[in-house]
Each structure stands twice: as structure tokens, then as C-alpha cells.
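Below are structures written as C-alpha cells.
In what comes next, chain A is part of two complexes: it sits with chain B in the first one and with chain C in the second one.
Take a look at the complex of A and B:
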């Protein structure tokens, strides 16, 4: 039976699957809004989060940072902007927190214009608020944004100071104590990229890691859209990978567990990713339900057509 | 009045009524309070700093910070770490001993404002920030304006969309000028002028860089030649340069990272033996590691078979191609799943903003403590 036949029939006379098929899509939008907002309200009021079982890729990120000796240099590239902060900020917060707790020396860079501001906000939220003993220029430095995409990456391999001649405060790189001996990117034992697209983790693999895979390790955090493109690089070229908010929640739970103090609750700002897994769960269940309903309609229609 | 207009009117009226009701319950909603901090920094003697530090610390790191008390206001002051906010001595033209003062405004919870008001109703240290509050309401308005498209296209959505396009275009223009043209082009060609006029912290380029920028400037002018009525062909030369350089860069990196490294990563043993710390073989882990490798190798071969069109997809090749299609379908499904996850995460972040920062329905960060 074709759809055209139903146009001439009374709505109540239509079979159930046809009525379902013609449901206004705005009802689905409303259902999705409720599926997301319900858990947010519930988690916001109760403070409860779902338990996380870290997968291999997320565990690898934690271990890569954990195995570094104290005072090691880590290059952290903020390759995203506020548009993707909902997905990437929780993992950025946890990554910086683990590095700060391990007393690693962090060098922040940004290949996206607004990455500089996002890095600055992360530094404020994690380092200045919770690790005030860390000094700018000695324990961490924000080199700011540099235009040039892949050209900056290639330049980092040969001359760090040329790629980033000054930090975000305007201080010349040669005057920054923690960068005195840094000539090129391969002197960083670990490179971390938190990326939302181009340029991002994929370009870091192509232009830096493929050339210096022996000397430096690379871990990445990425959005859900770009995760499938990056998984083929794991674990050879990308030692650890945080795929979307799920990867962030797994990693966040590991960092929280490793830094937990008896009797002290984890600060809410370090539970962002786990909080967002509640809406994920309900929204995904809704999606699965809708896909099943769609398939049922499809097969019911097919059967009716065959009969 | 059309049916759609009536619907919008009803939705708007209900929404405003709910908003007013929310504003009258408890502590209300959507306000931003800020606390003022007066900061005073005295730049030390540069020569003394440089000799004493002997390269151990940057001059900015040793800038002394002192808290000052504003006589005209009752604001208490907090000592702020100089390196965090103060400009570097080496990058400014200020003389040693110069005192700099400024005010910093930090967001504080509403309860802090209420407590401060209770203690001293005339206090001005903690106040409601109108610019930030208006910004918050605008952010909420534009979030809802974009969401309203889900119901139907409407003027609010159009306004929000136009603003995004306009602001983005202007922002990228500004970024391109100040982060690329000024420091890289003008800064290389006329470093003294740029340093004295617009970017005091500009690091002087080397001679080679200056020469290369002359070359870049010539290419840029040639590219713009296409805008002239005659000689448009001249722009083909810089385009050829860009295509050549990009192709050279991409070919090398793609061959290294996406061909050689990926091919090497696919050459895995089909039978894996995983041993534990004592050296004994873990049968369970070995089984799964072997299954994973078999699936990986099979997937690569079958997907390659699907895209191999020189041979008709019959027999073994046809079977392999069919399996390859299954692998591709699973890959597309996984990609779709990840995309859904990403989009829901972004939606959750916006909804959290509306409920938390704007409507004050929840307080997941325990900021307001209401």
C-alpha cells in the first residue's frame, strides 16, 4: 500500500504503523529535550553520577601521564573553541588536573584562535584555584594562539621559539625559565592534543608524531564526530585516546579515583563529564527506541505491501 | 491571525509567565554578582632583577605586588600574584619603579552579596554586574532563539543566525589581521614600526624571515591581481605555489602516517599469546587478543576487496566484498553513534547552562549554595 493511498483515507482508519510514521517530528524533538533535561535536573538536584568502567584507550591516557617522572615537560595543545567546550572541556580539565597533581611542567599552546582563551580559563579553574603553588613561567606557561595550522606544527619540530616567539603575556620565549633548554617539540616526552577538528589530533599525527614517534608519545582527546577518524591511529601512533564525552567520563573517574582523599568529596567541577553521562544514557535509550520503532514501521509496511 | 502566529503567542505567553513565576520564587534567577579587587604593582629595578635572577626567573615573575586600599571606597583588596596578570617588564616601555594600578572583577555567589549587604548596606565591593547579567540573558535568549527553529522557522531564529554569521565573519577578519598580517607580515617587514605602534612585545624577526616575507608579500600582491580587470592570469602563479607546497607537505605526511604506519599496524599475528606477570599464558586474554587481530585483518582485506573493482565481485572476491560491506556498515553505525553522542553532549551543555546559570534551577557546581 503506497503512502498516496492514505492521503485519501480518514486518519483514524489508517493502520497503527502509518499513524506512527506520520507523527510530527516536533514531538520527537520534545521527547529528546525531555530525555536530556530530565537527567540534568535529577543529577543537578541529587548530585549522583553513573559509575564508569574505563576502557583501554582511556586507561592508556591515564597511564601515559602517570608514568612520566615529576618535572617532565608536557606540551598541551588546545585545538578547540567554546562551541565544542560541552564535549571537550571536561577532559581538558581532568588532563590539566592530572598533570598538575603529578607536578609536570605544562606548556599550553593553541592552534585555534579561541583555544588561547579556553586554555586560560582551564588554567584559572584548575591551576590557579587548586594548585596555587605552581608558578607561571616555571611550572606552566600559556604560549597562546599561533596562526598557521600545519606550518606551526612543522616549525615546532625544528624551532620551538620561532613557532611561539612569546607567551600569551607577551614575554619572549627565551626569557621563560622552563623553556630555556627547549629547542624543539621532540624534547617534550608527551604531547597532548584536545581537538574539535582541523587543525587537531589528526594533523598532529600526520605532521609531528609520524616524524618523531620514537621520541615523543601522543595522547588525544576529541569530539564524537572526529573520534572514528582517530581510532585507527590507536595505539601505535596515538598512545591513548579519549573519544567524546564517554572517554572524558572514563578518564575523569580514573583521575578522581587516583587523587581521592578520604573523607573529602571530589569538587563538582571535576565531575562535569560524569554528570553529562546521565543525559547521554537516557537520550541514547530514546534513540535506540526510535530506531526500533522505525524498523518496526518499515517491516510492518513491507509486510502489508506484500500481502 | 494565522494558526502559527497564535501558537507562537501562546508559547511566548506561557514562557514569560513561567519566567516571571520563577523570578518570584526563592532567590530569583539570572543575575551575576562581582567582587572588586584593587591591584597595585610596582615594577622593580630591571637591572637589579636581571643581575639577581641571573636567568633563574623572568623579570615579570619577580615583580612585586602589593595590595592597596582604596581610600574612596570601602573595598577590601586582595594580593594578586603579579605574574598572573601583570605585564612583563621586558615587554613594556614602562620605567623601573613605575606603579601600575587596576581593578579586577571576579564573579561571586549571590549569597556573598547578600551577606555583604547585611553587614554593610552601603558597601560597593560586591555588586550586581549589569553588563554580565545582560550578557547572561542575551546568551539565554539566543540559545532559545536557535532552539526555536526546531518548532518552525521564525524571526528570532533569523536574528540569531544572522548575528552568528556577522560576528563570525568580523571575528575571523580581526583574527586574520592581528594574528597573521600584523605580527607575521608587517612585523617582519617593518618591525620597528609595529613594535612602537601596536605590538610592543613583538619579537624581532631574523633577516632570513624578513627576506622570506618580502617573497610572501609579492605572492600576496600577485594573488590580489585577479581583482584587476587585466592580468588575472598572474594570480595563477601564487596558486601554483600554494598547491605545490601543500601537495608536497601532505603527500609525505599521508604516506608516512596513513599508509606506511597503518599498513604496518595491520600486520599482526593471528594467534596471540598474552602472558601475565608470572609468565604464565592467560588463555582468556590470549583468546580475545587473537579474535581482535583476526577481525582486524579480515576487515582490512574484505574492505579492500569491496573497493577492488578490477575483478568482478563473484566467488571468493564477491564473498569477501560482501563481508567488507558489513564492516563498512558497522563503521558507519559507529560513526553515527559517536556523532549522536557528541551532539547530545553539546545539547546537554546548553540545557545545563539554561537550568544552572540562567534559571537557577540546579547548582551542580555548588556555586550559589542556595
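Take a look at the complex of A and C:
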């Protein structure tokens, strides 16, 4: 790493706050790297996670799924891609796990081009690996990606088969046993959207839930940056909301607790959100520290300027 | 004609979609236009691909700064297109085992799924992860208590940053029950559900009114700027 501005012969003559203010930003990058990698290694070695106290919004997500009778249909929309998977995949895994454990019939769709692959990966990790008894086409089906954003949502309200004429395997919707009686989206008592932006949970509220609020319940999981835009819909239109990795960790702890078996340790793939709270804690503390140091520099400069 | 026909298509489709939400008789027209929209959306991918190729080929031919990135973009685009269209490495669909190309590109083992798993996923995840480093640097240099608004923003940031982690519980978890509302984790929920909700609702209502006004201007043919080529 180069010494940057410190090579200047006058550098030592500068006041401390000036030198601190001109610090090479790569030092900050290094601090962030250490702040994130330290807890990752520590959690990886010890397997310990931080305790989570579920908030009302996360509890509501769990209850909405928990109260459904077995064999109920659930529509799960994967509206994100691998870029946001670090934040959203743990909640997707837990949501599918709870649905599978409750023996709900899951229909996966994607409104993002790469959402289909993320759904496929989740199906592999949860259903195929841990619930092999569930049959594709009878207990779950992946309808794949459909272009059209809000238009697909609107079409789902009137004609499901038209919006998704075939599943990701190429099987016609009319030939899929679990969709034989499904004509429109309102036949799903629960809609789950895991979204990283547009189109996503907000559009589901605007185009589907606002029209079918009495027939369908809706729960959403979203990234930290989009959570503030979704809170205004909670709890009227969005019955439960998982905001970022924090929401995912709260929900994941509830699902793990409900499915815990005495003497059997929870698989690491079902602890991803809780494991990520450690690096998040240290990274947030670093951010707070950097903001404080930045402001100390600011006020020291101001005082020196005024003197 | 190049402007009149698209304008009338927009007016008819727009009114049909709007009426389909209120008039049962117009529902089928709304559905038809939604179908058409899906087809147009699919065609838009072709247009998008054409536009991408054109832009980068132009950059290449002019040897603009960063033309090397255009080579990588075009190369990646063509390789992915080639692999996807020829369905390289796919296995036949179990329902149609005799048809070699009946399988899906998404199926495990296909070349496309390899690109997804070993190129798209790590590359996009890396890009997203880099944000943390730049946010930290920006927080250090730009987040200064310059005025009252900035101080309010700083206090809110501290509450949310600490309240969304276990630090909030450690720092304020000992507060007695009667002061539990002041615990950082509860304060951060309060900030999100009250201040944030109120602010966001105001913004959303403003946007909705703006969208409705713009929509009506387009439907009545007053606003034609979306047709391009200057004012009609």
C-alpha cells in the first residue's frame, strides 16, 4: 500500500486532524475487511451465533405460514438475482423450509431474469436435499421466469396459465397436477415475495394485493435499502415483513426453533442469516466509529479555523 | 404517421387498461392488452440486445476510452447467447426423451447453468459486496454534523446502525421495563415504523399524484415527449 499523502515532507508539520482527514482510503477498506472477516472466521470456527429477539414484523411472517392448513397453495415469487443473494437467500431458504415442513404446496415464479436460477438453487438446497419425499408437480413446481413485470402480475389475477403457460422443465401448466384447479392468483391463500427492487414486493401490493386483499395474504422479504419503502404497507397490505439480514435472522431463529429436534444440530445452511449478524455487528460498529472520528476531525478543523 | 399511430395505440391501450379496473365489460380488453404487453416485453429483449451491440460496436470502432471493456461485454454477450440458443450441454426433458433439445437451459450440468453458477453468481455478489467498503469510506468523509438536519440524520443513523444489531441489546438492554421504549432495538423499530412510514407515505402519495397526472396527459395526447424527436 502506498503512503499516499504521507510522502509529503510537510506531512509531519500538519496538525493531527489534517493527517487523519487525508488518510488513504485503502486503510478504511482494510479496516472494513478485518471487521467483516474476523467475525466470519470466529463464527466459522466456533459455530456460535448471536441471540435474536424476533420483532412483530418477523413474527407475523412465521405466523402467516404457520396458520395455513396442510396442502394449502403458496405462491412464492423470487424477485432478485445473485447480486442480492447474500442478503436475501437466507430468508428464502427459511421460508421454503417452513413451507416444506408444513406440507404446503409451493408454486415458485420469478419476475427477475435470474430469479429462476435462484429459485432452482433453493429448491435443490431445501426440498431435494431435506424433503426428498416432496414430488415435483404435486407438492412443488417451479414455473420459471416470465418477462413483463407488472403485466405478468395483472395477468396472474385473471389467468394463471396464460401468465405461466409452462413450468421451468417445459411441462405445460395444464398437465401439472397441483395446478389443475388453479385459474387465478387469488386461489393462493398466501403470496410470498422475496425482492431486491423493481419489480418486487411494492408492485405485488399495488397490482395484486390491493385488488385481492380479502382473498390473499401477503408476506414479503426485502433488502435493507428497500425496507423503508415497504414499511408503510405493514401490516395492512403486507401482513409480515422481513427487512434485510436482520429480519432474516429473526425469522430463521423462529423456524429453527420450531423445527428443532433434540440432539440434532441445525445444519449450517439454515443458520446463514444468524451467522451473518456477527460480521454485520462489527461492520456497523466500525461505521459508527468512522462517523465519530470524521466528526471529531470536522469540529477540530472548525475550532482551528475559528481560532 | 410515425408519431400518430404509436400515440393512438397508447391512448386506446391506456384507456382499456384503466377501464378494465372499473368496468366489468372492459375486463377482456384489459386482459388482451396485458397479453400484448407480455409479447412486447419479450420483443424488447431483442431490441435491448441490438442496442447493446450497437453501442459497444460504435465504441470499439472509435477506439473510445475503455474500449477493452466493450470487447469483454460483447464477447460475454455473444458466448452466452450462443450457448443459450444452441442449448449446449442440456439433457432431454424426461417427458420427451427422444427430443434432444427438449431440456431446459437451467437444468444442472448445462453450459448455461455453469456460466450462472461460476461466473454470474460470484461476479455480481462481488460487486454488491464492494459496496460495504465504499459506504465505510463515504461515512468517514461525508457524514458530518454541519447543520441541524445533518445532526438529525446522524442520530437516526446511529440508532438504526446500532439498533439493527446485537450492539443495541448490549448497550441498552439493561434499561428497566418502564423505559423499554428507549432501548435501541425498539427505537430503531420506532424510527422505521413511524418517522420513515410517515415520510415515505408522503413521498408515495406525491409520486402517485404525479404518475396519475402524467398518465392522463399521455392518454389525452397532451404529453408526446415519450414519442421522442422533440415536441410534436
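Everything that follows uses one rule, which is that the second predicted complex is superposed on the first by the 298 of 307 C-alpha atoms of A that agree within 3 Å, B and C clash if a C-alpha of one lies under 4 Å from a C-alpha of the other, contacts with A are read in each partner's own complex, and residues count from 1 in each chain.
FYI, contacts are C-beta pairs under 8 Å (C-beta built on N, C-alpha and C of every residue); 3 or more make two chains touch, one makes a residue touch a chain.
This structure is a prediction, so every number in the text was calculated from the model and none was measured.
Aligning the two structures on chain A places chain B and chain C in clashing positions.
By the document's definition of touching, both partners, chain B and chain C, reach A:85. Look at A:45: by the touch rule set out above, it reaches chain B but stays clear of chain C.
When the two structures are aligned on the shared chain, A:180 is found in touch with chain B, with no touch to chain C. By the touch criterion defined above, A:232 reaches both chain B and chain C.
In the overlay built on the shared chain, the residue A:171 is in contact with chain B and with chain C. Shared-chain residue A:280: touches chain B and chain C both.
After overlaying the two complexes on the shared chain, residue contacts for A:128 are found with chain B alone; chain C is out of touch.
When the shared chain is aligned, no partner comes close enough to touch A:99: not chain B, not chain C. Of the two partner chains, chain C is the only one touched by A:31; chain B is not. The contact surfaces that chain B and chain C form on chain A in the two complexes overlap at residues 29, 32-33, 36, 83-86, 146-147, 154, 169-171, 211, 227-228, 232, 243-244, 246, 280, 283-284, 287. Residues 26, 29, 32-33, 36-37, 40-41, 43-45, 47, 83-87, 113, 128, 132, 135-138, 145-147, 150, 154, 165-166, 169-173, 175-177, 180, 205-207, 209-211, 213, 223-225, 227-228, 232-233, 236-237, 243-246, 268-269, 271, 275-276, 279-280, 283-284, 287 of chain A are the ones that touch chain B when the two sit in their complex. Within the complex formed with chain C, the residues of chain A that make contact are 25, 28-29, 31-33, 36, 50-51, 53, 55-56, 81-86, 114, 116-117, 120, 124, 144, 146-149, 151-152, 154-155, 158-159, 162-163, 168-171, 211, 227-229, 231-232, 234, 243-244, 246, 277, 280-281, 283-288, 290-291, 293-295, 298-299.
Taken in their complex, chain C has these residues touching chain A: 21, 27, 30-31, 34-35, 37-38, 41-42, 44-45, 93-96, 102-104, 106-108, 113, 116, 120-121, 124-125, 127-129, 132-133, 135-137, 139-146, 154, 157-158, 161-162, 164-167, 169, 185, 189, 192-193, 196-197, 200-201, 204.
Listed in rising order, the residues of chain B touching chain A in the complex are 55-61, 81, 83-84, 87-88, 90-91, 150-151, 171, 175-176, 179-180, 184, 200-201, 203, 249, 253-254, 256-258, 261-262, 264-265, 331, 334-335, 338-352, 355-356, 361-366.
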